[in-house]
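First chain A sits with chain B, and in the next complex the same chain sits with chain C.
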Partner chain A sequence: MISGHALISRLAPLLACLGLLGVWQVAALILSTDSFPTALEALRAIPSILGDKESLINILASIRRMAIGFGVAIMVSIPLGLMMGRSRGVASFFNPLLMVTYPVPKAALMPIIMLWLGVGEVAKILVIFLGVSLPVIYHSFQGAKAVEEKMLWSGAAMGLSALQRMTRIVLPAALPEILTGCRTGLVLALITMVTSEMIARQSGAGNILFNSLDMGQYDTVYAMIIIIGAMGIGLDAAFEKLRSRLVRWSEPGFDIPLSFA
Partner chain B sequence: MIEIDRVSHVFQTSGRQNHLALSEISLTIENGAFVSILGPSGCGKSTLLYIVGGFVNPTGGIAKMKGKAIAGPGPDRGPVFQEFALFPWKSVLGNVMYGPRQQGVKHAEAEAQSRRLIEMVGLRGFEHFYPKELSGGMKQRVALARTLAYHPAVLLMDEPFGALDAHTRTRLQNDLLNIWERDRKTVLFVTHSVDEAVFLSDKVVVMTRSPGRIKQVVNINLPRPRRRAELLLDPRYQKYVVEIERMIDDTSEDELQP
Partner chain C sequence: MNARAVTSDVLLGIAPIALLIAVWQAIASFGYAPATLLPPPGVVLMRLAQQLTNTTFQHEIAATLFRLFAGFSIAVILGVTIGLIAAAIPAINAVVRPIVRVLAPLPKVALYPALLLLLGFGHESKITLVAADALFPILLSTYYGASMVEQKLIWSAMAAGTPRRQILFKVVLPAAVPSILTGCRIGLVISCIVVFLAEMITSTEGLGHLLVTAARTFQAVDMFVPLITISLLGLILNGLLQGLRSYLLRGFPEV
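Presenting the complex of A and B:
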């Protein structure tokens, strides 16, 4: 049985979305300009985008780039962050490099990268890679740094080698923090994906968006924004589900101490 | 047998000053002895334990185990820390099984052994709980079982009951003695509690503060098995406690002279 409170908190996100669409609808009707379609018009355009083979190929190409960029980024960033967290030497070598790249919007590097690598897949994947890497490195670093020394000592006494301590103690102990970084990285992957496609227009979801903007198909523009937003929400929710399953042992609310000596 | 031969330890403080934590400590610990290192906080007693564990290298002197210089941590010396240091992503059973599995014991055998140990430390029924779900006393029981599971010749206990309330502490002291009296492992036990040291030990090493030196080694000649209720009424026990407390008071005054 679901109590009234639980029902409200479960319906709240849905109500928020409906509320937003409602405000949009009313505002569009009042303004009634060509460049601002109503919410219903935008929603009506979604099935035709998703039904169109060409658009679908574009969107799938985007998702593929995102997946590769994100995958390669976490495979490189997690080990790097963990090593930085456990070794002062590694940290002081990479820290200045990261500090320099941190404030640069990764999509702003796109023109330079395009000069070197062309407008193809590699350039876009590289930008996504850069966008994802920093938060993942940072959180892996913080997670590894916070691992209790005594936990590593306990492992060493059991005979774990330095590498085993890294993969079998530091990695799982830092996992909650690493996954927080990955979650941020996933959203950033989506953002850099769209912006890279907007600069190097060739294919992808960002390409559809900005092409239809050029052609004045505003309902398609808004429909694409809704689709990209929904993708973001969907990915984030799926990742959150995976995350909370992996780190159930560290979740707050899980720590009800029992009265027993 | 553990031989500590003129071991000194200097570390750098954050202000880049050298701080002498231990000064020329020499001590021999016999097999099967329960030895406590007692001293005020900051006397380097934990550092001495970490040196025997191989977690910290001494800056001077040498520590030996069975005649061989200690070069690093190893499963022959099992630590139990005040902070428990359990693996939070592993269940109670997973934590206790970790050592035997690492030593190559087959899964089924490691599990059977670990379940027995969990029962021995009084945690039967909690095998599948995670550390977060346990109280401090229970966590320390798991930590003890986890260390006993890989059969170290020496137990290195670093103020293991320091973070627990008085009642839990007493229960764990009794249980530790019961367990110890079964297999008489060598125990090196760091504490700042005089009662605890006298109650548990064969030998109490009293240290001075900063730099840590051995002030005196007191042999505790009280019969075993020891029962808390009898011991507290025993004038010999009371005499040891008072005598050692007096020694520590003297060392506290030393601290005023730099």
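Presenting the complex of A and C:
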């Protein structure tokens, strides 16, 4: 009985995907305009994109940029967020700066950064880095702030240095919250990647998407939407697996990422 | 926390922003970067002040704000309604949940080309994109807020003779308000970001369009002005929402 239930809840997202594709198919058949191909036509265009060497290299380059930007952002943001959470001075130093930069669309910095660094890899990675940092800092900050003082006192009483208390007590205790931030950051990395490529229009998945829009290859447009969407859903699901493995001990939080920016 | 601690916190917080502007000014005035790449902050602020009184610029702000509010309002109405219904009726939840699970991590910007093809290059495609992006945080926080309502509150209301259908509006909705407002806050920031990006990608008006036009003609000063404007708009809107929050939540134990 339980396994049947688990099977249904495991299959539900898949059924939802099929349902959404079905709605798309029906809507496209009813509208039947050139600019809105059916779901089947779009799906059929996917193999030709992934089979084309140049587009495949483009997409892989996008993923590489995303991974680098995300990795660097995590390595900088988690320590910063934890320090903000444990020291009021550090928190009040960085908080206003973060608040001011929060509503600035990071991908919108692309034209300015391009002016300084050119259209190359560095500019795009920097933009992804900026986009990912804020949610990770914010969640690490919240997580570290909520650590129980008593645990830190016990640690200090047992002779742990400040650094050891940070890595042995604060980091594990804040891990569930940090991972929530990383999950948000992951979705955001993908969004920033696509947008920055749409703006810089040189290479990458976003570039294929908009070039095919300009050239009126509507099948390719929709196929790319499916590919990018599948990347988002796949990355999110993979990260959720990792998260539930790492913090099995914590209370199950929200299983869908709440925030994105 | 006494007044002195607050003041020192504020001073400490202003420090990095002041430092940033100082470094910016230093780079510009010592000639490390040509003014065409990095105009000095004074010039940018002057330009901003000048633009804010310019009717064309005000028109662009109005276009951006209209799209932002339209999209955000649609997201709030849909998100709160669907979230409440899903939390109240298990059968609907079983359908909504997997769909949301698939759509929430989907990068909505990727849908923008499709929206352009279907809805055209005007307001509609941008409003839809903003609504689609702001919808999920609001929907999810409404859902979580409504499903965490203490069962005791519902029992008490039923014991006091509240009809079943009124419980949703008299107990569940008010109890979920803090969570809904948190979702709205996230949704608002997202709306600011998305409306700007959509206007950058294709538009004929709005702040994002101004940035792209300035970038094409290498007018560095005019590139900073829309960015600062959207940041200010975000802060002002956030402040307004914060005000609404403390008004709505007066009397709640923790705000």
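Note that the second predicted complex is superposed on the first by the 243 of 261 C-alpha atoms of A that agree within 3 Å, B and C clash if a C-alpha of one lies under 4 Å from a C-alpha of the other, contacts with A are read in each partner's own complex, and residues count from 1 in each chain.
Everything that follows uses one rule, which is that contacts are C-beta pairs under 8 Å (C-beta built on N, C-alpha and C of every residue); 3 or more make two chains touch, one makes a residue touch a chain.
Predicted model, so just to flag it, every value in this text is computed and none were measured.
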- Now for A:W116: first (chain B), second (chain C), both, or neither, which partner does it touch? second
- Of chain B and chain C, the chain that contacts the larger number of chain A residues: C
- Task: Using the touch definition from the top, say if A:G159 reaches chain B (first), chain C (second), both or neither.
- Result: first
- Message: Under the stated touch criterion, which partner chain does A:M215 make contact with: chain B (first), chain C (second), both, or neither?
- Response: neither
- Which of the two partners, first being chain B and second being chain C, lies in contact with A:G229: first, second, both, or neither? second
- Item | First (chain B), second (chain C), both or neither touched by A:A238 | neither
- Regarding the shared-chain residue A:L29, is it in contact with chain B (first), chain C (second), both, or neither? neither
- Item | Residues of chain A that lie at the interface with chain B and also at the interface with chain C | 254-261
- Residues of chain A that touch chain B when the two form their complex: 148, 150-151, 153-154, 156-160, 169, 172-173, 175, 247, 249-250, 254-261
- chain A partner contacts - residues on chain C that touch it in the complex: 8-10, 12-17, 20, 33, 37-38, 94, 97-111, 113-114, 116-118, 133, 136-137, 140-141, 144, 183, 186, 189-190, 192-194, 196-197, 200-201, 208, 211-212, 214-215, 218, 220, 223-224, 227, 230-231, 233-235, 238
- Query: What residues of chain A sit close enough to touch chain C in their complex?
  - Reply: 12-13, 15-17, 19-20, 35-36, 88-89, 92-97, 99-109, 111-112, 114-116, 187, 190-191, 194-195, 198-199, 209-210, 213, 218, 221-222, 224-225, 228-229, 232-233, 235-236, 254-261
- Note on the structure: Touching chain A in the complex, chain B uses residues 50, 53-55, 72-75, 77-79, 81, 83, 85-89, 98-99, 102-103, 130-135, 137-138, 146-147, 150, 152, 167-168, 171-172
